[in-house]
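In what follows, chain A forms one complex with chain B and a second complex with chain C.
Up next is the complex of A and B:
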């Protein structure tokens, strides 16, 4: 049974809200560090992309969780939006299924690859 | 000559014509119509029919912006022909075409049946479990002024189709119900007398529902009755999302009950009695109960 648009749209909106928070956290870490310096986000001081800061952040499990979560919600939000745009082109019923299937496949693959990368970065940082 | 006649100016009505039995595709035909101040487009069309071409076809009835029959595209925007003065919308030329987003029956006559089918599909009537009372009412359902206000403006819709013609989503997506049916869906979704919230929520949860609205807002901009379908669609989304999250108060409400004797109050002070009936044997509905 197809998932109803009410559910998909609700999660689309909730994903947008989560992105707002997590992307805000990312911006706070990477771009607003001089305006709002938070020691826990850049423990070594200096520039956020200094090697020491990158390694320190990568070792934190919270950073890994935040970026995996951000990846998941951003993929869902973006791919659901893309699906809506494609559906408005009025494809046939068969093509609708193909579009949905392809988008789910692409989303899952990107999420798996991105999650693997986030975990691998942490493992590498812990070994550094 | 009167002052009105002195101000009469000639306006070219460039009318889109199409007869599916004779024409391969639509074409435009010009008619010069003398337009005094205050002439509405519908009167201009009648002038054309009487003086130039009796075969020109359009749909109209009440001539007072109530029936919703004469929606058409005037200089690129949907209007009611009976409600729009020529000088409001035209300079020297007035482009007159049928409403877009509908199939054309002939000339300026759109096929409104798909719109009305979508309207019907969303079960736009008060639906309750007490069917006997609905079919053979013994009294009125109690509704507060606040409950009435929630849907009142959406009840002013005359189903003219102007909003459907202006909707950019509907232009490419025939599955989408469109502004009129959805606004009417919301009108009943929020009516406190209605008792079928979950049934409606289920109907609106698919591609026919409000989810593909881009909020362009054109439907509200063109509505000749001042209804705001775009607002209804956004409110509908909110109500359905709250219902999905189990936070909707409306979904948990029991439908309105019948009026109780203690709900009734006498006439306010200072209001005189109604005059006697002039028709023999007539009685007031209030005195009957």
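Up next is the complex of A and C:
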């Protein structure tokens, strides 16, 4: 494994540890809210995806920061993992470049979309 | 410098055979399968949940698109994949950094492989996966909260 690949792999593992904490928090908010109700995660009560909860969470700057951080590390972890699996299939040199380029493009576009959504919904929530 | 690459002779078939590596090899396969599923879900999830930036109506419409029994069961399967991938991934990360395998020791028969050193932790992690899966199932299907 080249040194660059080793570094990217180490970041992949470290990103996984960050996701473990942040996605755990997200799952606690969205899917374990009845078993382990934490008022701060669903401030408006009711269902976690109710618009009132979306707005209430978006008003907290910590939520926006956590979402953007989670978005970035999860995209990196997921797409780098996908790239590794595809590279193990020994594609030709040209195809390797195409795979890497496509994955980077998809990652950047989705990061921009997700970040825009996190910032825009906060603006809406603060105006509500 | 050109890196010499060896052909991947087994390809995807290699995922299915545990060989002498035992249960950890199947966890490896399951880790990859759940990882691929989670990536696919995550990419779609980013697009669907971005609708919240457009306002309440668009958010409710988007959530309506991904509702119904099929999506509900699918969502639980994503939760199950998350539980496994997260806890098995934690195990892999601890092995990666040498935390579970312990310091190097003199090889005295019967030899202890690093696999055997981490195996009890693997069992604990799989029990935890089962606990989280059951807790999620309780929350999804028995409380009426979703």
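The definition used in the following text is that the second predicted complex is superposed on the first by the 125 of 128 C-alpha atoms of A that agree within 3 Å, B and C clash if a C-alpha of one lies under 4 Å from a C-alpha of the other, contacts with A are read in each partner's own complex, and residues count from 1 in each chain.
As a convention for this text, contacts are C-beta pairs under 8 Å (C-beta built on N, C-alpha and C of every residue); 3 or more make two chains touch, one makes a residue touch a chain.
Not measured: the values here are computed from a predicted model.
**Student:** Who does A:4 touch here: chain B (first), chain C (second), both, or neither?
**Tutor:** first
**Student:** Given the touch rule stated above, what does A:13 touch, chain B (first), chain C (second), both, or neither?
**Tutor:** both
**Student:** In the overlay, answer first, second, both or neither for which of chain B and chain C A:24 touches.
**Tutor:** second
**Student:** Between chain B and chain C, whom does A:82 touch in the aligned arrangement: first, second, both, or neither?
**Tutor:** The second partner, chain C, only.
**Student:** Looking at chain A, which partner touches more of its residues: chain C or chain B?
**Tutor:** C
**Student:** Looking at the overlay, does A:62 come into contact with chain B only (first), chain C only (second), both, or neither?
**Tutor:** Neither chain B nor chain C is touched by A:62.
**Student:** With the two complexes superposed on chain A, say which partner A:102 touches: chain B (first), chain C (second), both, or neither.
**Tutor:** Neither partner.
**Student:** Going by the contact rule set out at the top, does A:116 touch chain B (first), chain C (second), both, or neither?
**Tutor:** In the superposition, A:116 touches chain C alone.
**Student:** Just to be sure I read the superposition right, which of the two partners does A:90 touch: chain B = first, chain C = second, or both, or neither?
**Tutor:** both
**Student:** Kindly list the residues of chain A that each of chain B and chain C touches, one partner per complex.
**Tutor:** Correct list for chain A: 13, 88-90.
**Student:** Under the touch definition given earlier, write down the residues of chain A that touch chain C in their complex.
**Tutor:** Result: residues 1-2, 13, 16-17, 19-20, 23-24, 27, 31-35, 47, 49, 51, 54, 58, 71, 74-75, 78-79, 81-82, 85, 88-90, 106, 110, 113-114, 116-118, 120-121, 124 of chain A touch chain C.
**Student:** Please give the residue numbers of chain C that touch chain A in the complex, ascending.
**Tutor:** Chain C reaches chain A through residues 3, 5, 7-8, 11-12, 32, 35-36, 38-39, 42-43, 46-47, 49-53, 55-56, 59-60, 63, 79, 82, 86, 89-90, 92-93, 96-97, 135-136, 138-140, 143, 145-146.
**Student:** Write out the stretch or stretches of chain A touching chain B in their complex.
**Tutor:** Result: residues 4-10, 13, 84, 87-90 of chain A touch chain B.
**Student:** Considering the complex alone, what residue numbers of chain B touch chain A?
**Tutor:** 169, 172-175, 201, 204-207, 209, 211-212, 237, 240-241, 243-245
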